[in-house]
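A, B, C and D are the chain letters, set down in written order, and residue numbers restart from 1 in every chain.
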Amino acid sequence: MPGKRTPSNSGEDLTSDGGRHPFLLTKLDRWIAWSQKNSLWPFGSGLACCAIEMIATAAARYDISRFGMELFRASPRQADLFIIAGTVTNKMAPVIRRLWEQMADPKWVVAMGNCAVSGGPFPTYSVLQGVDKVVPVDVYVAGCPPTPQGLLHGLLTLQEKIARSHPTKDIFNSDARRID
Amino acid sequence: MLEELTDVPALNKAYRSLEEIFGDFLLGVSFEKKELSVRIKSDGLLSILRHLKSALGFNALNDIIGLDNLRSKAEGAKRFSLLYQLYAFPGFVRLRLVLDVDENEPVPSAAPVFQSANWAEREIFDMFGIRFSGHPDLRRIYMPEEYEGHPLRKDFPLEGRSDGV
Amino acid sequence: MKDTRCARIFPWKGGAMAFKEIELNMGPQHPSTHGVLRLKLRVDNEVVLGIEPVIGYLHRGMEKLWESLTYTQIVPLTDRLDYLAAVSNNFAFVLAVEKLMGLEIPQRGQYIRVILAELQRLASHLAGVGFMANDVGAMSVLLYSFEIREDILDIFESYAGGRLTIHGIRLGGVPFDLDGEIIAMIWKALADIPRKVRDIEGLLNENRIWKHRTEGVGIISADQALDYGLTGPALRASGISWDMRKDIPYSSYQDFAFDVPVRSGSDVNDRYLVRMEEIRQSIRIVTQALDRLPPGEFQAQVPRSPKIPPGEVFHSIEAPKGELGFYIKSNGTDKPERVKMKSPSFINLQSLELMSKGNLFSDVVGILGSLDIVLGEIDK
Amino acid sequence: MTGETLIFEFLIPVLKIIAVILYPMLMVIVMIWLERRVVAWIQGRVGPNRVGFQGVLQPIADAFKLFFKEDIIQKNADKFLFNIAPVLVMFSSLLAFCFVPLGESFKIGTYTLNLWIAASPVGLLLVLGLSSVGVFGIIFGGWASNSKYPLMGALRSVVQILSYEIPIGLTVLTVVFFSRSIDLIEIVNHQFHAKIWFGFMLPVSFLVFWISGIAETNRAPFDLPEAESELVAGYHTEYSGMKFAFFYIAEYAHMVLVSSLVVILFFGGWLPPFPNVAFLSFLRWIPGFIWYLIKIMFFLYLYVWLRATLPRYRFDVLIKLVWKWLIPLSLINLLAVAFIQYIL
């Protein structure tokens, strides 16, 4: 049952001892990871300056559609990748958390720009000092704002990370990706 | 005497007219960097704004600026200042009204005269905690509704008081 | 409610088939709110009854932060206000500080500033038009306009090293001189842009669907526009010729011949057309400035962290979005006592409710696009 | 049972049933890839080119990924309708393909292989009917999500599809006047005998049908029910994973269906072009199925072209277009065609 959570005890049986998966799951792992890494649909969410560079990355000069990532989904339910592009304020932080929760598993987060990484040049009363305080971040892209090349490099790094992952583990083990 | 004060005829005319009608409300005048600022009492604000808008052609309220004079104020002076920037079209003349307010002293809202005062006053309420009487919808504009404190006051720390989230 | 076109389409309003008024929440995450703006809409089926914009989701506390920084440190932070037109923000702030200091900028520095600011205006208007067209549904226009914008960003990149927030104007002048290579790049871009802009116009100007979507939509009369304090292309589309570059010239703008496009339709289409015309006028200005670029110094002598004599000043410029002004009160040290920014988008956004009432829900996104707001400068 | 009867009576029908699912799926995959590449090309971009040769595996990666995505059902959603909606949409567009002939029948030995599953004498009615059943899926999906944007998308979709059904019905009638049959195969055969495609005989009918067909499929410039800049994702905003994929695939399958109908009704189905020009008779050597695909691809390309070029209609203009222009136009067209038929 893809996506549906099965009881975790059955999952532990399948993936109990580290990397030694049953042959079938290893093969399946590779295929799922292949499809996930090649079809990362970003969530069309822009917060501040970095959003403009994110759009520039999707535009003709840098064109992330080459990697199959140009389908910017407006609905979080259909997106795989949350590019947090810009400053997250304390007022926006609950919204970011909620949007992240609305996204369907498996999902990834890229913190784009210094503001999202660490609060950037704004050590003020209203800015969240790093988005990793509210959502788990997979890849950090520094820069103020990062150039499109920088973002592309971050996305390719994320692809490598996904290629190394074991998706079946996440599917069968319901707590694998949970962080609280 | 006024001709020496400013070199813009429209400003001279405006000041002369203000002095004539609202002489009691005027506290002082200065002309610095080609900008005329008139210090007024807060009770006269609305009638002065109406007069400026209808009779003198200052038909746009550009912005309202709030100042916290906590550190620089003289003993006994009021804590905050509000600066009303007015424009006249055509002619592009700029006039500044200055208003001194104390911490818990309500100021008449300019929103009935100029639409653009609506958000500007909400911003000042949010940042300085100055209340505007007669404002249609005086709520915080930037900070969340339940936020405590007014960030642009000089005694508010830059990093904020609590952890935020 | 006003008797608008849409009120006539739904003649049963209030009758037996009346729909319940529903509240619709647009944002803070929505594809066409241009950032983290939240609109609380009250709609009857599709007709908009009221809009309440909720802002502050990008409030970074800039004005508070500036009080603890020196003047030179503030300049790069102003880039992050209107991030689509970073140079214009530098320009306004730096001019205000220089006015307070009584500093004279060498002629060459002034001309380079004008060139950078006008290129930035081109980039900003292109992005604005692209986003607006994207909101209306013409998605290719966004990509075409971003492609043109890339040419300008390339110039910025080779000039100052950055693409978006380039910190291109500094206290006392500009950081670098324009060398022959960059001037050649600008000439090439100027030659290309009109042709590419015509592509965009070919897709939109005479398009019947575009006209349906934009003509007669989002009207604000000249009086109302003044009352709301609108500035920039939105005001000029309402029939009032007000351009700070023309009327209160700063930084040698009086040397250049250009027109201020004014239209009287005051609808979405007119705001779009005004922007397109301003793109052409900006090209004219840059051409003249390059032709007559005076020799000499481009930077006045300014200490690394200047102490500004006490006083207060307000200076405003014509930014792409409208009148952008800075009020600075100094206390004699190298840090300001108070900096207040008068942001055009903040003022322009207030008029959204007036423009959208009685129109259809689909028009709200078009009207919002035509105001060309940037949340960075609204929320500060 | 001999081996031959086993093959012809059992195996081929089963293969056909598989084919009727595979064929639209294949077309959808090609179409998704084509759309992304063509739109990218129009916009001066490259488009997907990393997965497989020139990115042809991109849609497969997408589908595979969506298959393994979490399936979210909102707490307040109407679970039954929420689940049934994507199935209904998918089912109706796939079922319609049963009645769409793919080419002329040819002989394998003694057996005649028909490139259709069900040759219904009322094929046209069935296809039109089934393609409209999909709207129920959209309504259910939008309503059951218990969310405002999907509901508005569903409402828009109902009004739009119901309005545009009318000109479709009226223009199809004009074709039926000439072919004197509502069997899709007969309609193609009639165009063969008439030596002219109906599209050239009835240009107005073709135009009205094509415009209404685009509106029926909710595609740009009529993509109001899922207008991204207004309604986030319209009626499928709350759908994730495979259910969203069903909506996505069904939309493309519907496009293929409408294009097939246009080709069959107005452009001679699997007939080669210029059947009456003698020196072009060599065109007949290319199988009819290929001609058919080429024609469908042309109309699918038009879909993509329009999407990349035009802004979106507004709701009132959309309704005005159909009630003030398309319906009167198709009525006049119908009367004119009927009158001409009567005189001839």
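One rule holds for everything that comes next: a contact is a pair of C-beta atoms (placed from the backbone, for glycine too) under 8 Å apart; a residue touches a chain by one contact, two chains touch by 3 or more.
Not measured: the values here are computed from a predicted model.
Contact count check for A-B and B-C (C-beta pairs in contact): higher for B-C.
Relative to chain D, the chain whose mean Cα position lies farthest away is B. Centroids built from CA atoms put chain B at 47 Å from chain A.
If you average the Cα atoms of chain B and of chain C, the two centres end up 25 Å apart.
Mean C-alpha position of chain B lies 64 Å from that of chain D. Centres computed as Cα averages put chain A at a distance of 32 Å from chain C.
Across the assembly, chain B contributes 142-144, 151, 156, 158 as residues in contact with two or more other chains. In chain A, the residues that reach two or more other chains under the touch definition are 59-60, 74, 91, 123-126. Residue positions 30-31, 56, 59, 61, 64-65, 143, 147 of chain C each touch two or more of the other chains.
Of all possible chain pairs, those that touch are A-B, A-C, A-D, B-C, C-D.
The residues of chain A lying in touch with chain C in their complex are 44-49, 51-53, 55-56, 59-61, 74, 76, 86-87, 89, 91-92, 95, 99, 121-127, 144-145, 147.
Interface residues of chain D, counted against chain A in their complex, comprise 36, 40, 43-51, 55, 57-58, 60-62, 64-65, 67-72, 228, 232-233, 236-242, 244. Chain A meets chain D in the complex at residues 2-4, 31-32, 34-36, 38-39, 41, 59-60, 63, 65-68, 70, 73-75, 77-78, 80, 102, 104-106, 167, 171. Residues of chain B touching chain A in their complex: 142-144, 151, 156-161, 164-165.
Residues of chain D that touch chain C in their complex: 39, 42-45, 148-149, 152, 155, 220-221, 223-224, 227-230, 232, 308-317, 319.
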